[in-house]
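Both complexes shown next keep chain A, but they swap its partner, so chain B is in the first and chain C is in the second.
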Partner chain A sequence: MISLAGRDILHAWGKFVFTGLGLGLLIGVTLVMAGVYRGMVDDGKALLDNSGADLWVVQKDTLGPYAESSSLNDDVYRSIRAMPGVARAANATYLTMQVRKGDGDVRAMVVGIAPGQPASTPGWPPYLVAGRQITRAHYEAVADVASGFALGDRIAIRRNHYTVVGLTRRMVSSSGDPMIFIPLKDAQEAQFLKDNDAIRQSRRRTAANPVFSRPGQPGVLEAVIASQSTNAFVNTVLVRLEPGHAADAVADAIRRWKRLTVYTRPQMEDILVGKLIATSARQIGMFLAILAVVSAAIVAFIIYSLTMDKIREIAVLKLIGTRNRTIAAMIMQQALALGVLGFVVGKISASLAAPYFPKYVLLVPLDSIAGFFAVLVICVLASLVAIRIALAVDPAEAIGG
Partner chain B sequence: MKKLPLRNRSLALLAVILPLLALFIYVALRSGPLAPVAVTLETVEAQELRPALFGIGTVEARHTYRIGPTVAGRLARLDVHVGDLVTAGQVLGEMDPVDLDDRLRAQESVLRGAQASLREAEARRTHARTQARRYEQLFAVRSSSEELMTTKRQELEIAEAGLASAREALEGARSSLEGLVAQRTDLRLIAPADGLVAARDVEPGTSLAGGSTVLEIIDPASLWIDVRFDQIGAAGLAAGLPARIVLRSRDGRSSSGRVLRVEPKADAVTEELLAKVRFDAIPQPLPPVGELAEVTIELPPLPEAPVISNAALRREGDRIGVWQVVDGGLRFTPLVLGASDLEGRMQVREGLEAGDRVVAYSEKPLGAKTRIQVVDRIPGGPR
Partner chain C sequence: MSARGIRIEGLRKRYGEGDTAVEALKGVDMQVAPGEVVGLIGPSGSGKSTLLKCLGAVIDPTAGRMTLGDEVIYDDGWKVRDLRALRRDKIGFVFQAPYLIPFLDVTDNVALLPMLAGLGNAEARATALALLTALDVQHRARAMPSQLSGGEQQRVAIARGLVNRPPVILADEPTAPLDSTRAMAVIRILNDMARKYQTAIIVVTHDEKIIPTFRRIFHIRDGVTTEEPGEGRGFD
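Coming up: the complex of A and B.
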């Protein structure tokens, strides 16, 4: 028994392959779109993983530190450290800003990490791809490779310059901006330090206030100005639990006794995925749906026109008494072969293109498998229309023409 | 155009399909979550470690003299400007004496009056003494009455008392004059030591409260750095250790110095230790007081021990250690760590031997089951 479908494909193999390539690119785009959504979710999870924390302690009644701003006194961590079940507590600051290097600048999330031992202190980058971790308490930075910085670069954050000593990978904020880790004290300064003009203006304003510069009390003005230029705030305290303690129990204790808001890992994921990227995710979901519909329509058109091209041959087949089943099987087999070819091309192009996207694109194998079956179902449905037309053709057309 | 024979056509189709299939399998296994994780390895080496501490501080003057009037008054003149070098004892300016000179002159007159009174009293006493002696002699030969002699003696005593009073009055007037002269001298602003005028806070004509500052003089030879070190990792900080000082304005050029002392009181709010570092030779031109300086303190070298890079440290649960490569697979080895230096090298007290291979950098987080691919450099990383 010879395969009619195989024969027909061989007959016009160039057309078949090129149609398959075209379809493949379309499927590739759809897969990438799914990957973009997965990438967004993964960015949020990477942010949580990289902080190395089990609990996030933030300002009361805020969704901080990622989704909202939050500020805590920087000595709060000491009292949290003393709570039962807390293995480690470390201050951290997060601030998304432009980081300058030479003439250009890069949008980055600047993370202030508390001094301590790498790996054991929450907030530190858990692994590097080059260089080393920060060792000095000031003016060193570890940057993500996505920022484009290289080892030894001098970057400017506010008025200070930092030397890049290490590089990380996949250390991004929930919006995909690369992270730059700097020592906590520098980051506190970067977050709250005004520019020099603003500082001078504020000093003059204070000096002009008669309450602060009274004759006969020469020290008051200096004291007031000194107290204005200090900053003792951080955005969050990252807490790591001792083994054997439930996150919820410890979080409740901190909420109750320290009167601060505490988030556990699932709650934080909920905030990031459910609130922070919810609209973008829906946007992409909408786009994905449209792409799927468009792909299905295009597949249907292709199969339909492929069938119409050989309508005379089908008429001849009917004339010589071929059974309907054989003809239907031929069309459906061709459609499936086209789908498989398209999927293979799509998967390859998506995988090759993914690393070049500016934001992270995560191709999940399960998505690919689901995509494969979706393509097959679409092909089967599309071929049904073509089969209907093919079966309805009048054998007389073979001679009538 | 003659069509290809069927056999050749199936070959051509295979020529397209087969590489595509091969590429598909490669892509499916080599990218995404199924791909092996690229890692780079480092070999643990036994090395000497030179730990160091890094802190920042500001240039301060050890001796700062704030000069101003001791009593309220108006500044009459000020002879020096910021940046002038002054010597000990130099008159830098003067307060307005108001009526002090007049009072001085009046007191001089009082003094002269007192001197005249003294002379008068001396004359009186000389006369009284002569009279008394004469009447004593006359009384001895009985040519005068005893009463008269007693009167003359009393007159002598009165004259002597008057003389003593005049002397005391003179001393009093002299002391008052000296007091006024001292007040007059105190109106002059005098440099207590050699130094450099660092600030000139007010201008002549200004009324000042007693104790306010007119000039600030610093001793340039006493410039030092008030350095702060984070308490974490500041073990070993001690007086006498050599230091490298980089001033913010002279980036790249460092001066040498030495820790003068570690302050017995640490900063509880900022969690820092404080220390004073002195320059071996004060840089010229003088760094301004208040300039930011980075200070690196070299600690004595440690004996040889296995050393790893701090980039290799990982956390598994609550254990800190490294991923060791054993027989091509990964094994997490918890470590006890020792001192570290500023280049990111850490001593290993327990857990590793020299020659062990550990993962330095990785593309992704690792686990015991992770398939790894050892590379020289992580792809997609620094170019």
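Coming up: the complex of A and C.
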């Protein structure tokens, strides 16, 4: 038996191909949207992986340091390091900001890393693609290549300048912003450093407060002013466990004895994926749903239109004894062929376009497979209207009068 | 009467019920022998189309009896079960416009029916090609319908009607869109094919040019047929 669907497609190939291309671009956008979500999740996991931590100790009752602000005294890490099961503990700060780059700026997450060694101190970039790690206490930086900085570039953060001594890759925040690693002390200063006018204003206000200038209490005012211009806080303490210790048990001990909030890796993943990007995920989900409906409407319209164009031929086919299922199969095969063509175009266009998106787009094969079957289901559903119309055609319509 | 051909006895068709009922056919009797081409003529609203649809097993009569070849296909409310297969295997159709399937070439337009009946593609195409040769359109076998002239399209449509060797062919105004030369050519072909394949052909027509060619003519008026001899001109 000849393929009626195939012959009809070849006969009206122009309409079919251009519809397939249009549908394909729509499917391509859908796949990219799914890739954007996967990229966000992957960015979040990369952030956790790259921190090199097993536990995140943050300010009590906060979801810090990535989803909420968190502030801890920078000497807390010492007592944590002394707890059973803790191999390493290091302070870290995270500050997302616009970093000046030439005449423009680039959005980046500035990470303050504690003095130490990459392998032994949590928070350090675990590998470099060029240059070296930070070796000096101040004014050196390691930047992710996505920031656009090159070795030897000068980065301006607040009022200080840093020399890029190393480059790393896939070190991004959960928002996909590239990371710039600088020494912890510099990062602490950058978080709270104000301009000169603001500092002067603050000192004037403090000096005007009679509480700090009582007779018989010399040095109070100077001490208060000194405390205002220094920052003894960090956002988190990154903890690496000794082998053989359960993360939950150590986390419970820190919570109990230090009265701080501690997150294990699964809990932190839940915060990043379930909370931080949950709204974005819902947004993307809405877009996917809309795109699916639009795709279905396009397929339904074109198949309906192709069917209506040959109502008389369908009546003739029925009159000369063609089975209903042959006619239904013809229409459904056309819809499926349109879907397959659209998916191939969509997959190719998504794969070609993904690297050019500003945010990381991760095209997962499983998503493509699921997308392919979703397209087929949509095509089958979209063809039902046309099939219904075709089956309702009276063979008597082929006979005049 | 041989085993092939068609016989209709007391065929009735009523549309609607009660006061609004319309009786389109009021006891039609008709018999067409194998190899015979008869004309069916009548004014608009006389019941021609209803009769054609009943004969084509597209609508059910209300009463009467229809026999196609050896097989009774309708008898006072009883009818054969698979009308689709009946139309495919026992009835050929030739329409006013050829209504060829635009996305199939000439050969496949003709071969589609035997394929639907279960014949293999190669065999069906060979059968189609033999018929196209008989109708002298074999040189357009690979052409698409849109590339054919009106006369060629009608010949292909006749080949499609004949391809399953049905006992009866219903031709609904087959010469309407053609000039007199082509119309006469089509009627000649129908007569040749009827004789060659021993098929009974009923030609519904208004075409004055071809009416004198029939040996028998059925007039239908107000749902009743009357038979009269035709001139049978030109096909002795």
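FYI, the second predicted complex is superposed on the first by the 356 of 401 C-alpha atoms of A that agree within 3 Å, B and C clash if a C-alpha of one lies under 4 Å from a C-alpha of the other, contacts with A are read in each partner's own complex, and residues count from 1 in each chain.
Basically, a residue touches a chain if its C-beta (ideal position, glycine included) is under 8 Å from a C-beta of that chain, and two chains touch if they have at least 3 such contacts.
What you see is a predicted model; the values in this text were computed from it and never measured.
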First, second, both or neither for A:I311, with chain B first and chain C second: neither
Touching partner for A:L288 - first (chain B), second (chain C), both, neither: neither
Touching partner for A:A232 - first (chain B), second (chain C), both, neither: first
More chain A residues in contact [chain B versus chain C]: B
Which of chain B and chain C A:L10 touches, first, second, both or neither: both
Touching partner for A:Q117 - first (chain B), second (chain C), both, neither: first
First, second, both or neither for A:V344, with chain B first and chain C second: first
Partner chain(s) touched by A:L151 [first = chain B, second = chain C, both, neither]: first
Partner chain(s) touched by A:E242 [first = chain B, second = chain C, both, neither]: first
Chain B versus chain C as contact partner of A:D75, first or second or both or neither: first
Common ground on chain A, meaning residues reached by chain C in one complex and by chain B in the other: 10-11
In the complex, chain C residues that touch chain A: 48-49, 52-53, 56, 58-59, 84-89, 93, 95-96, 99, 101-104, 108, 111-113, 115-117, 121, 144, 160, 172-173
Interface residues, chain A side, partner chain B - complex: 9-11, 13, 17, 49, 52, 75, 87, 115-120, 126-133, 135-139, 145, 150-151, 165-167, 169-170, 185, 215-216, 218, 232, 240, 242-243, 341, 344-345, 347-348, 351-352, 354-355, 362-365, 368
For the chain A and chain C complex, residues of the former touching the latter: 1-2, 4, 7-8, 10-12, 310, 312-313, 316-323, 326, 394-396, 398-401
Chain A contact footprint on chain B (complex, rising order): 6, 9-10, 12-13, 16-17, 20-21, 23-24, 27-28, 31-34, 54-56, 209, 212-213, 229-230, 232-233, 269-270, 294, 309-311, 313-315, 317-318, 320, 337, 340-344, 361-366, 377-378, 380-383
